[in-house]
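Notes for the one structure printed next.
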Amino acid sequence: MNYSLKSIPEREPKPRERGYTMAMDKGLSVREVEDFLEVAGDYVDIVKLGWATSYVVPNLQKKLDVYRAAGIPVYFGGTLFEAFVVREQFDDYRRILDKYQMTFAEVSDGSLDMAHEDKCDYIRKLSEQVTVLSEVGSKDAEKIIPPYMWIKLMQAELDAGAWKVIGEAREGGNVGLFRSTGEVRSGLVEEILTKIPFEKILWEAPQKAQQVWFIKLLGANVNLGNIAPSEVIPLETIRLGLRGDTFDHFLDLEKPC
Amino acid sequence: MNYSLKSIPEREPKPRERGYTMAMDKGLSVREVEDFLEVAGDYVDIVKLGWATSYVVPNLQKKLDVYRAAGIPVYFGGTLFEAFVVREQFDDYRRILDKYQMTFAEVSDGSLDMAHEDKCDYIRKLSEQVTVLSEVGSKDAEKIIPPYMWIKLMQAELDAGAWKVIGEAREGGNVGLFRSTGEVRSGLVEEILTKIPFEKILWEAPQKAQQVWFIKLLGANVNLGNIAPSEVIPLETIRLGLRGDTFDHFLDLEKPC
Amino acid sequence: MNYSLKSIPEREPKPRERGYTMAMDKGLSVREVEDFLEVAGDYVDIVKLGWATSYVVPNLQKKLDVYRAAGIPVYFGGTLFEAFVVREQFDDYRRILDKYQMTFAEVSDGSLDMAHEDKCDYIRKLSEQVTVLSEVGSKDAEKIIPPYMWIKLMQAELDAGAWKVIGEAREGGNVGLFRSTGEVRSGLVEEILTKIPFEKILWEAPQKAQQVWFIKLLGANVNLGNIAPSEVIPLETIRLGLRGDTFDHFLDLEKPC
């Protein structure tokens, strides 16, 4: 840090299981990746190449090289996995992961109907090859999953080999964990946390109010994802109680008197 | 593309009359233009320098050079044309087009009142000098043009020499083709399409939900405009059925069974 | 300017007391600062490093060097001042200002409760060291300050040595001067202006509709702040009547007839 302030919440050091920040790259240039890492490389833990953008961007290999050189793992968005599966090209998908030397992959079913046993099978298979993040929640705002089912799905996916489970929100932050207005389905989140360990969940929270809500509930070291690259620094200040929204939140701990 | 996926809708190759993507540059630096073209140069067809931003940016000539070297035509936003016309400086405008060796120009009347015959005269004159895009629709949310009139205006402007007609939406996507909420005036669009050929219209659709709506109605190769530079890659994935919003849309065509 | 247009409102030349544009940097890379200044260096007057982002960004000194070389003063957001004060580290704050050779500082009380006399004391002390901008208005949407109190606070802070007073809006533009919808509290602004000189106020106005409202009320040379770097060029066109929103506004002055 550039100067010394008292009563700042302690952040887990990298590599970490808690306090994880996942950013979404939806088409950065190589130079933009370099700029992002100059500013936020110390704060971002993993980068998702949003949905299937990796299919169309012409600079894929070069970007992967830049992230790799900085020690930041990268994975393809779950929609890419689904795009291969729906076309019965799962083996091609596995080859792509090898070709690009990916160490992480996401398994999701946000855009298609898949038996949950099949999803768990994919998690089992892929977790022999890479570290798997699995995502729960539909991209379809009409599909409401009740809390007990979120828990059951998450537990089964962790049991199948997922390293962490992701709570779906999309880039917009308006489905899954959130109402269409972006408001958190807070009862859902609290019920999930009675059963699934805090550090096993990565909450997608692209909107600032959502990030603030999670940090106030779960502290500086909550795992948050779908953060725009330019919002990683603002998020870090919210985690540290250095933006208006959480300014008071961490002061009580050891407030000077 | 970086890997092979089945059942991807076919895109018209460049240069194209259909499936056109027009992006809006509202003040990029030279390096930002280079970054934009590194990522999206294969997908963007034409760039508009938004409204009259070209009047104030200090790097105009340099940016034009970069776009030109990449083979991407550029034009000044229609508001610049109107700014010259309202000041009775139309001849100056024509000289500016020559000075900067512009090959396209936009004729619009979104910010001023102009007799339609006069507008068509401007289209006729300018189309001797450059390729003309003409825009229909007011920037004033209060001015509602009925569907039969949209058709009449569009047809007259094509007859006067416009290469394509643009449906107005502004940078925000909340006027003209859209309600103030951003919702598409769908009856209007469908009625227009009964009379004006699909490939002659470029729909301004800056918001994702608007892009999705047009692609679902008109397919991967609809002409869309006012796309932010950072949204050209996301748009391309929507066109190809590789984002949640259109994931199902193109699969039926040749779905593996 | 790149070409000559009649009836363009005259802008105060830099350095200026009126027509000031304050931009907010919330975590730009060094190269992004260079890009920003290439495009908007002639139009931006001062840059705020938003809230306490300067605590976490690893490139602080390098960025300050780039801004300084371009002759653009920089200051730390008021929340940083508050973060030091609430921890009883005000002397540390003064040392930080010296260490980084800051020539401006912001005094605010948007995130904490502070007796107004204490706030004025801080303004007095800091104005011996740097040029002080002081901010009025809470970041808490629940805390509504009546107009007569805004005036009283502003006058006292100017009397205590503030160079200008800032009307609070946050990065989002939804508190202080604005309703939660972003709508301007117009009666408040008009009443303030009956007592406090126009050029002594810097209005935070991050949203376009807010910028348009102030420019229509107060002219091209109103002081506006919390402008995103990519919006400085768009703002300049609004000031000059070269975007749809203010297209008509300045034409009457010397309209060609």
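Note that the chains take the letters A, B and C in the order they are written out, and that residue 1 is the start of every chain.
Just so it is clear, a residue touches a chain if its C-beta (ideal position, glycine included) is under 8 Å from a C-beta of that chain, and two chains touch if they have at least 3 such contacts.
Chains and their UniProt names: A, B, C = Phosphosulfolactate synthase.
A quick note: this is a predicted structure, and the numbers were derived from the prediction, not measured.
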item: Pairwise touch network: line, ring, star, complete, or other; value: complete
item: C-alpha-based rotation, chain A on chain B, 0 to 180 degrees, nearest 5; value: 120
item: Type of chain B:chain C copy interface by residue overlap (half), same or different; value: different
item: Interchain centroid distance [CA atoms averaged], chain B/chain C, Å; value: 34
item: Where chain A touches two or more other chains at once, by residue number; value: 31
item: Touching residues on chain C, where the partner in the complex is chain A; value: 26-32, 50-60, 79-80, 82-84, 86-89, 92, 96, 99, 110-112, 139, 170, 172
item: Contacting residues of chain B [partner chain A, same complex]; value: 1-7, 31, 34-36, 38-43, 208, 230, 232-234, 236-237, 240, 242-244, 247-248, 251, 256
